[in-house]
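Two complexes, one shared chain (subunit A), two partners (subunit B, subunit C).
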Partner chain A sequence: MAQVHLRDVVKNYGPLEVVHSINLDIADNEFVVLVGPSGCGKSTTLRMIAGLEEISGGEIFIGDNVVNDLPPRERNISMVFQNYALYPHMTVRENLGFSLKIAKRPQAEIDKAVDEAAEILSLTPLLDRKPGALSGGQRQRVAMGRAIVRHPDVFLFDEPLSNLDAKLRTQMRVEIKKLHQKVRSTIVYVTHDQVEAMTLADRIVIMRDGHIEQIGTPLDVFENPVNTFVATFIGSPPMNLLNGVVRDGAVVLEDGTTVPVPPGYQAREGQAVQLGMRADNVMPVGHSLPPTEHMAQIEMDVNLTEPLGTETLLFAELAGAEVQAKMLNPRPVEAGERMTFQVMLDKCHLFDAESGAALRG
Partner chain B sequence: MKSLKLPPWLVLLLPAIIILAAVVLIPLVLSLYSSFTAYKLTRPDSLYRWIGTFNYEKAIGDAKFWAAFGRTVLLLTVALNLEMLFGLGLALMVSKVTRGQRALRTMMMFPMMFSPILVGFQFKFIFNDNVGLVNNALQSLGITDQAIPWLVDGNLAMFSIIFAEVWTATSVFAILILAGLYAIPKDPLEAAKVDGCTAWQSFRYVTLPFLMPFIYIAMAIRSLDVARAYDIVQIMTNGGPARRTELLWTLIGRTGYVDARMGYANAMGYISIFLAIFFTVFFFRKLTAARAELGMGV
Partner chain C sequence: MASNAAHRTRRRALKWLHFFGLFLAMMVLCVPGLWVVLNSFRPTVEIMAKPPVWIPNELNLDHYRAMFGGVGEGGVPVLTYFRNSLIISVTSTVIALLVGMSGGYAFARFRFKGKAWIFVGLMCTRAVPGVALSLPLFIIFARVGIIDTHFGMILTYVAMNVPFTIWLIDGFFRQIPPSLAEAAQIDGCTRWQAFWQVEFPVAKAGIASAGIFAFLTSWNEYALASQLTRSVTSKTMPVGLLDFQAEFTLNWGGMCALAVLMIIPALILTFLVQKHLIAGLTFGGVKG
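Then we have the complex of A and B:
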């Protein structure tokens, strides 16, 4: 039993409230990623689950127990820190076995658990080294090994990859995913990198300013963002947002261009809205996927191109705003060229301009 | 006449060489030389009376010298360990203080601001058997009705000196260890908490290893200080009673300046230097090992 439940959890530092009454249910063996920009309260939330920060209000359950007042060592959790937090004066073997040694387990059991963990993480040849003699990726693996030897109820990861270079990060991301498949266990993972969140998570929790904005599977939050924040935070490049007003079932942009209201969305006549479309769904005619049912055509001037090989990112201008579009099977494009684009309307979104909330019909 | 042409590097180094020679080299060579003569301050011509290693042989065969040597080692061991323990305790407490920590840190340094001579006088008064504070307090509280001869009894006198020594220098340890406490990264301590450590275990397995380099630095500094202890002892007991608190340098000082036997005093001084060198080398070895342990490089 290793479900984690957060009930109206609040954190304040003096008069400053940083986490506002959040609720979250994490299932057994689920991989949940808390993601959001810096200062959104995701790390604080994780540290409250760990017991490293006191909870100012609400309740946290691990399994069936309220752990509000339990010190970290009684919560049966383990944590991987951003800066690895290895004990520099101990060898890798001692680092891995430390928690078991503290728990006064027999030496034979400690050795076995350490060897097992080292095996899983390919640390066996490094067991007698000190952390100072390891590379960043190796240290990260030791930190993860230290977490798995204890077979905790819950793994907590606090931005574990942010100190690694891009290539290593991709590699470790895969290893973490593999690790989760090998040692089925509940994982709560904090990151500010939406790619990490998308690739690792069973469910993503998107946070902003101490509130949870949306909880859902990666595809769900990608395809059905509840507001403009989630829409622009998840996905790369960020979703294009264009200001407009609804007239006769169509969105009239500031320069007069009209685009039909995307299917599945509803807006009042005259309502100020933002039309959201991802670059993947705006493509120049002749370079796009076969047409689908709901299509709109717009004309834009291309200002800048970013060739990526298999595709080219086009930076165009529409109604005073920058729009990013994608060209598959690219051909060379001159800056300033006027092109006709197809917009896949059924992949577009409509948000209220004032609140940012999605206008689902 | 062809002028003497010195190479430029020598010309540039010459000021430093002259100063070093005048301040360090010549006194060193002279004192070393004099330790092989029967030099007495009262008879300058004795400086030229070479007597070989006689002074050294005499010192090595002198029970008083070795008694003083042993006492100095004892003082070193006891005082350094007490200062370390008290300093560690003090630093740990001060590091937990949230308000007024600066003021506390400044106050901690007060004992170091007094001249050891004054500290000696102060404790001579405090431990005085007739008018001293300690006896007064003990008698007023009815704990004892007779005057305890703090500075007259051999063992008590040594205790009193250690007490004064610890009072002055505990803050050296406290401040260095406090600096160490501030330098400890927060993450391993949190990791230890999550790994299941109690407060004591976190201290034992994480905090202390991080502090060891700082403790050894303090030890190295203080061992040099205590190995040359002179002023406090000179004032409080003058090496008495009956040489029971005689340390190396009170003995050497008396031999050289009171008895005027400078050649012999220098010989004893050279033997004593090894004590200081030994402790310094010992603690630096320990320091290097502790730093290597932490992966801080050598």
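Then we have the complex of A and C:
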């Protein structure tokens, strides 16, 4: 059993506090992704779980044990590093078997475990090479192999794909997901790439400036962001945010356009708000999904188009802000063309302009 | 066509010029060594001949025979000097490497107060010419009673080499990403095991090169050794060369023969370790 619990975990570097009292419960076999912009404390958090950084306050549990003072080797974890950290003087076989050799397991058992891991990751033909003679993707797989041979309680991944090119990254993402299905185990995965987070995670932990902003399933954080940070960080293209004021149950944008308050949200009369809508929910009339109950119409000038084949991304202007919209079954659009857009209100969000918090009713 | 031919001639000329330049450079480096080896094998008459004899008429082992012969026949205690040199150089190199590894690792990995200044201080010690210290060292060593001992020489050479080995080895450890040792710790190593199992083997090539430098420095050092060694109990080979110097004569042939004996172990060592240097494939374990 390997749940991981963080209780009020704090990390200081001297007077500088970089992780502020975070709490997190990770279930057995769960794939949790810590995501956030660089400097948000996600890697530090992971390294504290690994035991590579000391904890300045709070408690970390792996299974039922407090591991605060245990060195990394006694935590039964394994970790895949951003730069792979393969041992350059050892062959792939020796790299994979290193942890078992250190644990003084019998050679036959080591060979069996190495062959098994090599099989899972299709490394068998590379076993006698040194890391220097491998490509980036192969090194990545060796690093993963080294992590799985010893059947740890928890796998830690520290931005493992960020040194790969885009195509390989997509491929390895799939491999990691498959690996998790094969080797059921608890995984804590750190990335700054929200696409990686969305595609891999059972649950996403979004961090900023040493705080956890939101924890939830990928769909949950996508559909119900708790604040504007999460709203703009998760999803691509980022959510459009428009400044406005609430009057008579509608949001009045700066140019006077009114959009009804989205269902499920509540705001005071006169409250300064930000209306959030994703490009997928703003579509030109005639090129959109079939209308639903909650619809609003707005008119915008299109400034720029990005044809993507099955759809075209439109960059329009509304109330002094740029709005990205999607056009299904695209037709050619001239820059400067004025179009009428349908906004799916039930997919829109309302945030307090000052605190950025979602105004759920 | 014509320009093509001209181009080719020019290229060929440049190539030959290049070879010639290399030849000159190699000559400057090699001729003195060659001359030493040559002189050790030929009679004194030929060594002293003016104009110099380039192609030897006769090669023999007379100087070597005399050197290993009895005291009356121009012999010197070569084997004793060799043993002294070996003991002093090897011991001081091993100690300098151990201290250099600990110090270099500390400088590369840890943060501590006054780090930059300590480092600069170490480098400053290199700025003092060794000979300048010979008199103070002589007096201190004489008082303490370690003049003319292996111990005294080893101490001197360790002090001379340590700043250099620290500086060199620090550079090699710096190139090894800390994540290697971290990965080893996660794989079950203690901090100590992580060093010996991973960081040390990876830095081996660099440590070996620091070792060569330290060894050669001690092996070839003359100025301090000539002051601090007095008798056969501690005289090293470079100091032994002076045995060939009498009041009015210089036995060039004998000197050259001893010099050859000095050069050979240094050459062998360099060749042995060179293999290690080439085999040192530090990178590849970390990103492409």
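Quick notes on this structure:
Basically, the second predicted complex is superposed on the first by the 361 of 361 C-alpha atoms of A that agree within 3 Å, B and C clash if a C-alpha of one lies under 4 Å from a C-alpha of the other, contacts with A are read in each partner's own complex, and residues count from 1 in each chain.
The criterion applied here is as follows: a contact is a pair of C-beta atoms (placed from the backbone, for glycine too) under 8 Å apart; a residue touches a chain by one contact, two chains touch by 3 or more.
Just so it is clear, the model here is predicted, and its values are computed rather than measured.
With the two structures aligned on subunit A, subunit B clashes with subunit C.
Contact with subunit C, but none with subunit B, is seen for A:N163 once the two complexes are overlaid on the shared chain. Legend: residue contacts after superposition of the two complexes on their common chain; A:F233 is shown touching neither subunit B nor subunit C.
By the touch criterion stated above, A:P131 is placed in contact with subunit B and with subunit C alike. With both structures placed on the common chain, the touch criterion links A:M79 to subunit B and to subunit C. When the two complexes are superposed on chain A, the residues of subunit A that touch both subunit B and subunit C are 50-52, 71-73, 77-79, 81-89, 98-99, 102-103, 130-133, 146, 150. Residues 177, 179-180, 182-191, 193, 197-198, 201-202, 204, 281-288 of subunit C are the ones touching subunit A in the complex. Interface residues of subunit A, counted against subunit C in their complex, comprise 50-52, 71-73, 77-79, 81-89, 98-99, 102-103, 130-136, 139, 146, 150, 163. On the subunit B side of its complex with subunit A, the touching residues are 185, 187-188, 190-198, 201, 205-206, 209-210, 293-296. Put simply, subunit A touches subunit B in their complex at residues 50-52, 71-73, 77-79, 81-89, 98-99, 102-103, 130-133, 146, 150.
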